[in-house]
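Have a look at the structure below before the remarks.
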Amino acid sequence: MNAFTALLKRDLLLAYRNRGELANPMLFFIIVVSLFPLAVSPDPSILEGMAAGVIWVAALLSTLLSIERIFRSDFDDGTLEQILLCPQPLPILMLAKVSAHWLVTGLPLIIVTPLLALLLHLPEGTLGILMLTLLLGTPVLSLVGAIGVALTVGLRRGGMLLTLLILPLYTPVLIFGANAVQAATMGLDVTGQIYLMSGLLVLSLTLAPLAIGSALRVSVS
Amino acid sequence: MSLIAKDLEYARDDRALFTGLNFTINAGEVLQIEGPNGSGKTTLLRILCGLINADGGEIYWSDQDIQKDRYDYSNNASYIGHHDGLKGDCTPLENLALSHALSSSKENFSAHEALEKVGMGGFEHQLCRTLSAGQRRRVAIARLLNSPAKLWILDEPFTAIDQAGISNLESIITEHAHADGMVILTSHHQVNLPEINFSTLVLGQTTNTQHY
Amino acid sequence: MLQWLHKLASPKIFYNLASRLIPWFGWSTLLLLVYGLYGGLIEAPADYQQGDSFRIMYIHVPAAWMSMFIYLVIAFHSAVFLIWKITISDILARVSALIGASFTFIALVTGCLWGKPMWGTYWIWDARLTSELLLLFIYLGYMGLGSAIEDRRVAARACALLAIVCVVIIPIIHYSVIWWNTLHQGSSVSVMNKSAIDTSMLIPLLVMAIAFKLFYVLVVLMRARTELLFQERKTNWVRKLIQEK
């Protein structure tokens, strides 16, 4: 537990010292979302229908962009080797890395979501559901994405490959997340979707750290 | 306490870097691995610390296979590779604090003592990326002193270090060996360790080293 | 049993066995393909609703089955490789990927072709085809990872790990896509009406399915044999083999 907090604190400290970069995933998120009214139509009745989907796709792309850095600098400066060699359970350390990443990139997305909901005329009363699904879904995106990064971190040009590896795996989160909001718009019950997303979160919280650790052991060799 | 390598074997592409490699290091001994570029020195060190799996053979730490009992070995072995393993945006003290939190609670020297010993006293609170390559190397050495590790595995530890730093590191190694520690290192520099049990292992003699 | 399996996993024995099995699989595949195609394309009566266009099912359905089946085979061999470090399993998994991806592609293309007379358009985001499309992406990612990593040993372990991660997620993807589809177009006509299929149509379909499976085994054996020779090219038994030829 000591090691978990130490690593989490270090990553948060590093993020704080590079706070100029901190806003980038969030800005990306906002910009992508604001492109849609320009490309499709500023008509509120059209925007309303696609608001949830657009916000979810943008959150997914933003996570994809930022997740690549989760192990990059550790790999380059050799601290990743030190982490792999230390006498601590690796999955716990991986959970610390992913938690730090989510706190720095996932949480800000949720915080700016009300603003984007406003821009896209998200129907009244569904903002809460949207934020709840993002809260349950974005950690899953970080966890699953980190597996892909762990597999490709040793490659010089892993960027496109990473996209190919993890985007198909993101579809369940996208489907349940966007759908819950759409169902809420129509006044339907969304407990089912919320439970399913919680299930995905629990599943990935337990299994992904194991996979990330094993993948890193393979990549750093 | 000893490290035993048995029949180690590793090939890169089609070329065997080494086969049937055997050696033993006991407490208080220093082993230097020599060989031309591309002879597999770094690879051997990475196999020894468990980052790479050998194609064949076993490594025993205190008669335990390190692949099976990682915990005890990783508590007792410490590695410095080509990269220093330091975060540029952290100070030396913060870097040492993290490594210490990741290892067990025991330590040979406190962080301040360790930095003092490698001649980095006074730089505790400066970001590592503002330090020179040689200074960062020294901080990495301080990390070893700050850890409980008995076995040090050092890949080119003398790189980028100035003359005074080299003799300082040599005395640190000597002191570690006298305290029943063990060191495995590679170096192109003529290592000067007169007072201790020192041996060398030469790679790349029996194998074909013409193309890389 | 375990000993027997272990013996089979030795490259030389596997190679010899594969060489002996290949003609058997080759002929039986050919035989069943001819019979299945004849039964499906000529003998089976035309569908009362779909006319002759339903006959594409004899390619589409077995190919779709194979696309899923081969991924399971890959995941199984990946697990065997990671646990027991059996090289043959790595080879079998890696050579299966291209065949699996091809079957997935065939299933997609035939699905689109079938969709045109059925729905009036090539693509309507049907649940099965959508999940085939995602499966194709996963196959491509798996193959991409394998070819991007230079060191063979690293590539083998990385691919095996990826295959196992994906096999956990694929059912989730599959069912989430089906669930999504029923929400959005619950009324669309399903191409496969399981209950309505007549025996005279079913038998050729099953024959085709078996033929596709045999064809898969045949191609895997052939490709694995080549791959094995390449990987073991420094060993004595391969050198001897080359000298004999």
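As written, the chain order gives the labels A, B and C, with residue 1 at the start of each chain.
FYI, contacts are C-beta pairs under 8 Å (C-beta built on N, C-alpha and C of every residue); 3 or more make two chains touch, one makes a residue touch a chain.
Note that the structure is a prediction, hence the values are computed from the model and not measured.
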### Message
Quick check on this structure: which chain has its C-alpha centroid closest to the centroid of all protein C-alpha atoms?
### Response
A
### Query
Which chain's mean C-alpha position is the greatest distance from subunit C's?
B
### Summary
CA centroids of subunit A and subunit C: separation to the nearest Å works out as 32
## Note on the structure
Distance in whole angstrom between the CA centres of subunit A and subunit B is 37
#### Entry: Centre distance in Å when subunit B and subunit C are each reduced to the mean of their C-alpha atoms
48
## Note on the structure
Residues of subunit A that touch at least two other chains are 221
#### Entry: Sites on subunit B at which at least two other chains make contact
53
### Task
Two or more other chains in contact with one residue: find those residues in subunit C.
none
### Message
With touch defined as at the start, can you tell me which subunit C residues reach subunit A in the complex?
### Response
134, 137-138, 140-141, 144-145, 148-149, 154, 157-158, 161-162, 164-166, 168-169, 172-173, 176-177, 179-180, 183
### Query
Which part of subunit A faces subunit C closely enough to touch in the complex?
144, 147, 151-152, 154-155, 157-158, 161, 164-165, 167-169, 171-172, 175-176, 179, 200, 207, 211, 214-215, 218-219, 221
### Task
Under the touch definition given earlier, write down the residues of subunit B that touch subunit A in their complex.
46, 49-53, 70-71, 74-75, 77-79, 81-90, 94, 97-99, 101-104
### Task
Flag every residue of subunit A that touches subunit B in the complex, lowest number first.
2-3, 6-7, 10, 13-14, 17-18, 73, 76-79, 81-88, 93, 220-221
